[in-house]
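Chains: A, B, C, D, E and F, in written order; residue numbering restarts at 1 for each.
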Amino acid sequence: MLTPEIRYAVEDLIHAYVHCIDEDELEEWPSFFATECLYTVMPRENLDQGLPIPLISCDSQGMLSDRVTAHRQANIYGPHFYRHQVSSLLLTPQADGSIAARSNYVVFRTWADVVQYGSTEVYSVGTYRDQIVFENEQPKFKERLVIVDTCRVDSLLVTPL
Amino acid sequence: MLTPEIRYAVEDLIHAYVHCIDEDELEEWPSFFATECLYTVMPRENLDQGLPIPLISCDSQGMLSDRVTAHRQANIYGPHFYRHQVSSLLLTPQADGSIAARSNYVVFRTWADVVQYGSTEVYSVGTYRDQIVFENEQPKFKERLVIVDTCRVDSLLVTPL
Amino acid sequence: MLTPEIRYAVEDLIHAYVHCIDEDELEEWPSFFATECLYTVMPRENLDQGLPIPLISCDSQGMLSDRVTAHRQANIYGPHFYRHQVSSLLLTPQADGSIAARSNYVVFRTWADVVQYGSTEVYSVGTYRDQIVFENEQPKFKERLVIVDTCRVDSLLVTPL
Amino acid sequence: MQTGAAEQPIEIQWPEEAETRVPYQVFLDSAIYEREQERLFRGPVWNYVGLEAEIPNVGDFKATFIGDTPIVVTRGKDGGLNAFVNRCAHRGALVCRKPRGNTHTHVCVYHQWSYNLEGDLIGVPFRKGIEGKGGYGADFDTAQHSLHKLNIASYQGLIFVSFARELHSLEDYLGPQMRPWLDRLFARPIQVLGYSRQYIRANWKLYAENVRDPYHASLLHLFHTTFGLYRSSMGGGVIMDEEGRHDMLRSYKRTEEQETAAYKDAGLRTYNKGYGLADPSLLQSRQELEPHLTNQIQTIFPGLVLQQIQNTLATRQILPKAPDQFELIFTYFGYQDDDEDLRAIRLKQANFVGPAGLISMEDGHAAEIVQQAIGRDKDASSYIGFGGDDVSDQENLLTETAIRGFWHYYRDVMGFAA
Amino acid sequence: MQTGAAEQPIEIQWPEEAETRVPYQVFLDSAIYEREQERLFRGPVWNYVGLEAEIPNVGDFKATFIGDTPIVVTRGKDGGLNAFVNRCAHRGALVCRKPRGNTHTHVCVYHQWSYNLEGDLIGVPFRKGIEGKGGYGADFDTAQHSLHKLNIASYQGLIFVSFARELHSLEDYLGPQMRPWLDRLFARPIQVLGYSRQYIRANWKLYAENVRDPYHASLLHLFHTTFGLYRSSMGGGVIMDEEGRHDMLRSYKRTEEQETAAYKDAGLRTYNKGYGLADPSLLQSRQELEPHLTNQIQTIFPGLVLQQIQNTLATRQILPKAPDQFELIFTYFGYQDDDEDLRAIRLKQANFVGPAGLISMEDGHAAEIVQQAIGRDKDASSYIGFGGDDVSDQENLLTETAIRGFWHYYRDVMGFAA
Amino acid sequence: MQTGAAEQPIEIQWPEEAETRVPYQVFLDSAIYEREQERLFRGPVWNYVGLEAEIPNVGDFKATFIGDTPIVVTRGKDGGLNAFVNRCAHRGALVCRKPRGNTHTHVCVYHQWSYNLEGDLIGVPFRKGIEGKGGYGADFDTAQHSLHKLNIASYQGLIFVSFARELHSLEDYLGPQMRPWLDRLFARPIQVLGYSRQYIRANWKLYAENVRDPYHASLLHLFHTTFGLYRSSMGGGVIMDEEGRHDMLRSYKRTEEQETAAYKDAGLRTYNKGYGLADPSLLQSRQELEPHLTNQIQTIFPGLVLQQIQNTLATRQILPKAPDQFELIFTYFGYQDDDEDLRAIRLKQANFVGPAGLISMEDGHAAEIVQQAIGRDKDASSYIGFGGDDVSDQENLLTETAIRGFWHYYRDVMGFAA
């Protein structure tokens, strides 16, 4: 049984993660993860067939921040915002003291380009499978697996889910 | 005033229900309901006019499991996944010890057929009106009324909302 | 650190607000606000450029109720329902005893007109920035700022977000 | 996609064995869709638009469609029925924006021109201007600015509307073969029990075929066979009107021996995999109409389907929306004198029909997978030679005769006949 | 839907009483939409694209549209204005993907061809290849590969762009009837206060009619009458340019007696149902411009609307997106020397206008319900005979004369004149 | 939008310098899209549809598309390959609704007609009716009602299907220039590692150009230059088949001195802004194929792209969906004998490619911004004169020669040649 304090801390982690991305504060994004971490975006199509190829995988904080640098400096894509909805959060304490979490996400993408400025569409839906640990009393994602139902990616995937 | 324990138990019921359906574990679906139960999917159009015809109604666990058997063995439909979002949950303890719950849902449908594989659309939005009871200390839906705003059903309705 | 009681009260405010609008009980809508209040609907486009023009702004309960009266009596628009999803709620107690809240919203609009009856679309996504105070032990919105990502408004905006 | 006011010429080649072939082009071509709106839905037909029970009182209205033209049906002051196109005579706005309601005056929201229940213009704001300035001149004649009125008639409480000025009476249009079956369903006063709506990504005629097709019943809808409720054949038959455009499919349970024999004949595998209904209360039904039938599925060209499936009674209105989209609106009803038990049976059996119907949800899907498959093959054809190649009543259900009847009449109306 | 490089022929039959009738086909037909892009938006007109105040500094740019062609407007090194089509001369990518910004060089992301603020090609990566291999030959002439440059001019800080090579000066295009009213609004330096965007599922010309239509003001927009703020008529009038394509509607409050008389004339029911504003602070306004007007609604053909509605000042840009879709972009402004109070009044009055405007939200809806009603009736026509059948300035608001002026000029440009 | 069974005439004017110009009309026109389906995808070409490794066992099937026609590929009882159009011979339903699976009989859900793995009709429910009534007549010949069978062949485990009845062998179609490079990639048994799908709002030929375009590599994809990983040029070259329709772009790292020289030649600014990779493990790769290449990007007309980008191996299938939409399906593979480390490298390098690929996500965007810019300028043209105006193999990467090759062949097949 999780204490309310721990629940609130974990819920805040999961909610703050969303605002970090949606408010375009990507530079903070790696800090939501533990020192040793794994972030994987996996099409449901592959997972269901036992195939290992991900859309994105980062097995270190360094790789996370390289994604952010690429996002800011290298990659070319249509200007846009994300807006997440995350709900149906279930928390399960694990034997090793970590917490397993699952929740559903939707990302709406709003274009900020000249052609479709201010129009919004359902961009991606799926589910998060997290392992959460406490480092310095702060909850962090040891692992965040993003299972993408919407495996037919519209245009491209550059901003993390 | 509900205790945090009861709140958490009820919230978990409502969230786990969603994952059961979205992860295609429909065989477990009837177990979310009380021994005596009522599950009704009602178009808002009829409700607003006081008309009684539902899209689906099951007044026993048997009827729920017959729906699942039909889903698995009999009905023909385009392969798809659901992904729910459920939020704005309000809980109200009732005089008889049960709990009334209301929440809003959205279901996104992702096609898994050959033509539109991996594309997602808003399939149905509406609201849940629940009566929740404890059986063997487990919260269960005594009644779940699904009021469907999206009463113009796209293609068909086979997977429960 | 907020007590569970206060958290529940604030969460209930935020959730009940949604049901008030979605169930078309707009006459109750102003009562979710404090005696002195500010409700602003602001396109992200303007906010990001530091431009002050809002879509809607009401700086009194009177202006809120005038909006409702206009909605009921004066304005002409296609019959429709809203259905909100609100999630990723973060609460932060403020020095002055008020509570800052942020959350993401989506509004789905379902048409109730003769042409598209019962069809649903993503109407608006964005985020709420709230300042919540307690008046007579009831939480109220001192300020609710609705930042609209979907600044290309589809058709028109008459029902409050 | 219109490119001018005149009708577009259509190049279509019906295959040689025309009675048993349908070129897929008819489900795809937007010019054909356009012509259907003009020649067929606005042509020499009576279009079902609703039930009198939906608009019992003076001022009651229902807004709906003929083809994809918006129209309004009203109950007039004299208790009579009226219909008009839902387009303001001033600058073309929808006059009636809600699907149903009650009003004695239909007021267009744009400039408040107002119309009475018959569609006559009765009010024009600032008609004479103000202080002699502006407004309409003395020659402005409200009679020239009524709504476009349509012919309306009803039979047994079913309302039909037609754009055609000269036309057979509704009774004649329904014909002596069809009327008795309408009489069967509407002998007692009815009560509307609810609606459901289904939006299908397919051409409307794929559904028109589907409801005239008894072949698919036990093959596409597997509920009964899965649960071992009956085997794969029933007794029944098909009746059509003289033109072959309307039809009535009836089916009834046969004796055990008949079924077994039929089953052997068909050489079909059984679907009964040992599943049983956990709650058989769903099967409870009551024989209520003479003659006893399990199902009566009746069509009135172009867009009405009437159903009695056990104790569920409903009309279905087929509304084309685009070459590859249509909406299907179910209106469920019972009788005003239903006892409580019978009413409860109807509500429970609602599980069988409509968009979530255990034995009917598949029809929309069937239409959709045809539309998905044929898009690139408009020159290929479907084959409708099951049960022969003619259009004639049958005392069995293993036939596509009513589909052939539909196309025969369709080609005629559309100018596609040889 | 283009089927070849040549212009499609269009069969259109304008009704006999051509000046007071508009066949609905013009709102539906995709061939007409295509021709509008060529003959009208790219034709002998000046298209409003923005305000100089939006791009005050060297290198500032605004990306927008003429018709549905993407273009860019820039402030050049010399402080002058430039415009070009937003399509790379290499392989056609959008050069400028953001709606606004500042840069001295526009670089296409695909192969980094770069252009200066005038649209001249100034950089081509690997132009000469590497080590003598690849790249462009010696005859490659950057001057042949500039962006498509457009004519640009401004009047009182309003920027206009034209595809036409030979054209009246902007001043002449605006004309002596219209210019004084632009002068009225732009006498002092302005400051942009914000934007709003509205996407409407209707043909853009339904909105062009709407803004030239004083008839609907008190009949569609019920806010004032509901709250008993004034009765159903105002003083005012309509002024047009010589061609009838631009217009200016002005309205002002009349005296109590005038209103009462007018009201009696109209024979209108009142809408005042006893509602009062709970917070009348919304009504606070200040007379600031000469002559005093409650509203100035001015159009410059084809796509500009200028508004002064009490103290809200805005331009509206009408951008067609498809035969049945357009976007409306409001750019709100005040004056740089606004005092704090006046600025606060403008912000509060923003509640009146735009997509959520208490007295304006209805216009988009009106356009949409026309589009919904007429789809199947392209051969029918609207009737625009209010206030006569000619195109002439009026000293009253009960007239569709400016709508007639619009269509008169439209038919001319489009080749639809008799 | 078909308006009849015959092919629509297309008016298209290729500019005079035809080899270096592409009129934007080809990316916009729906009649051209229609003709491509007939003449090109169903024409004298072999269409890539998948890998033998995807359907290794008897009964395995893969449902996919040729152009936008749905088809099915199966592994037959004899281990051979079969292909047929995914459209039931009865009334046209999709027979196979899932993208992959295993079955020995393909049963149409509508009326349960069943087909064997070759596409022959083998079962028809109620074929002979029941008790002598209904069903098909004695002359019903199942052989006349098979699925539409297609030619199928494979080379090195790559499966190709053709509608054409008379056609060069697959080996000849690939040609002696292309085959060695297929051999390079498929010398050892492969294993499918996963899929990704990308839906792009652009004409498919904009992507066909993109993959034949080495010009954009270091200019659009800025990952390497941003992180200072290499400078803006590589060694490489372009090889084509005789028709110029297929091509192979290879690139490899040059020595430091070569790079520096090349860099000076180009006169390009560097993008290295001082960013370094925080985790360089991403760069780990292994040389595994002879000859050593950094990248092999090979196209087989019309819709196959084969890639070796460092250690990521994949096929890409280009599926047109509409004039302005296509889907791109990546099928990633490795070799069955990969050691664990190599497999880990492939999985990590998956970050480089596909819809989220650090050095490839931009391609879809590039296609989209072209589509967005050209919509209104179908008479304008792109300029593809980089590296000359001919179609010939090149030992450098600063050339659009393979793009010219594509269009040369395209014009021929489509009947657009001078």
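Quick notes on this structure:
Basically, a contact is a pair of C-beta atoms (placed from the backbone, for glycine too) under 8 Å apart; a residue touches a chain by one contact, two chains touch by 3 or more.
Since we're looking at a predicted model, the values are computed, not measured.
Under the contact definition, chain C and chain F share the contacting chains A, B, D, E. When the CA atoms of chain E are superposed on chain F, the rotation angle comes to 120 degrees, reported as a multiple of 5.
The pairing of chain B with chain C is characterised as different-residue: of all residue numbers used at this interface, under half are used by both copies.
If you compare C-D with A-F, the chain pair joined by more contacting C-beta pairs is A-F.
Averaging Cα coordinates per chain places chain B and chain E 48 Å apart.
Inter-chain centre distance (chain A to chain B, centres taken as mean C-alpha positions): 26 Å.
A straight line joining the Cα centres of chain D and chain F is 44 Å long. Within chain B, residues 4, 43, 45, 76, 78, 85, 87, 106, 115, 117-119, 122, 151-152 each touch two or more of the remaining chains.
The set of chain E residues touching two or more other chains comprises 1, 70, 86, 94, 97, 109, 197, 199, 220, 362, 366, 369, 372.
Chains touching one another form the pairs A-B, A-C, A-E, A-F, B-C, B-D, B-F, C-D, C-E, D-E, D-F, E-F.
Put simply, chain E touches chain D in their complex at residues 1, 8-13, 23-25, 28-31, 209, 215-216, 219-220, 232-233, 261-262, 265-268, 362, 366, 369-370, 372-380, 382-388, 394-399. Listed in rising order, the residues of chain F touching chain A in the complex are 192-201, 220-223, 225-227, 271, 273, 275, 277-279, 281-282, 327, 332, 347-348, 350-351, 354-356, 358, 361-362, 364-366, 368-369, 372. Taken in their complex, chain D has these residues touching chain C: 63-64, 70, 86, 94, 96-99, 109, 197, 199. The touching residues of chain E, counted against chain F in their complex, run 1-6, 37, 67-70, 85-95, 97, 109-112, 125-126, 128-131, 133-137, 140, 145, 148. Contact residues of chain C toward chain D in the complex are 76, 78-79, 112-115, 117-119.
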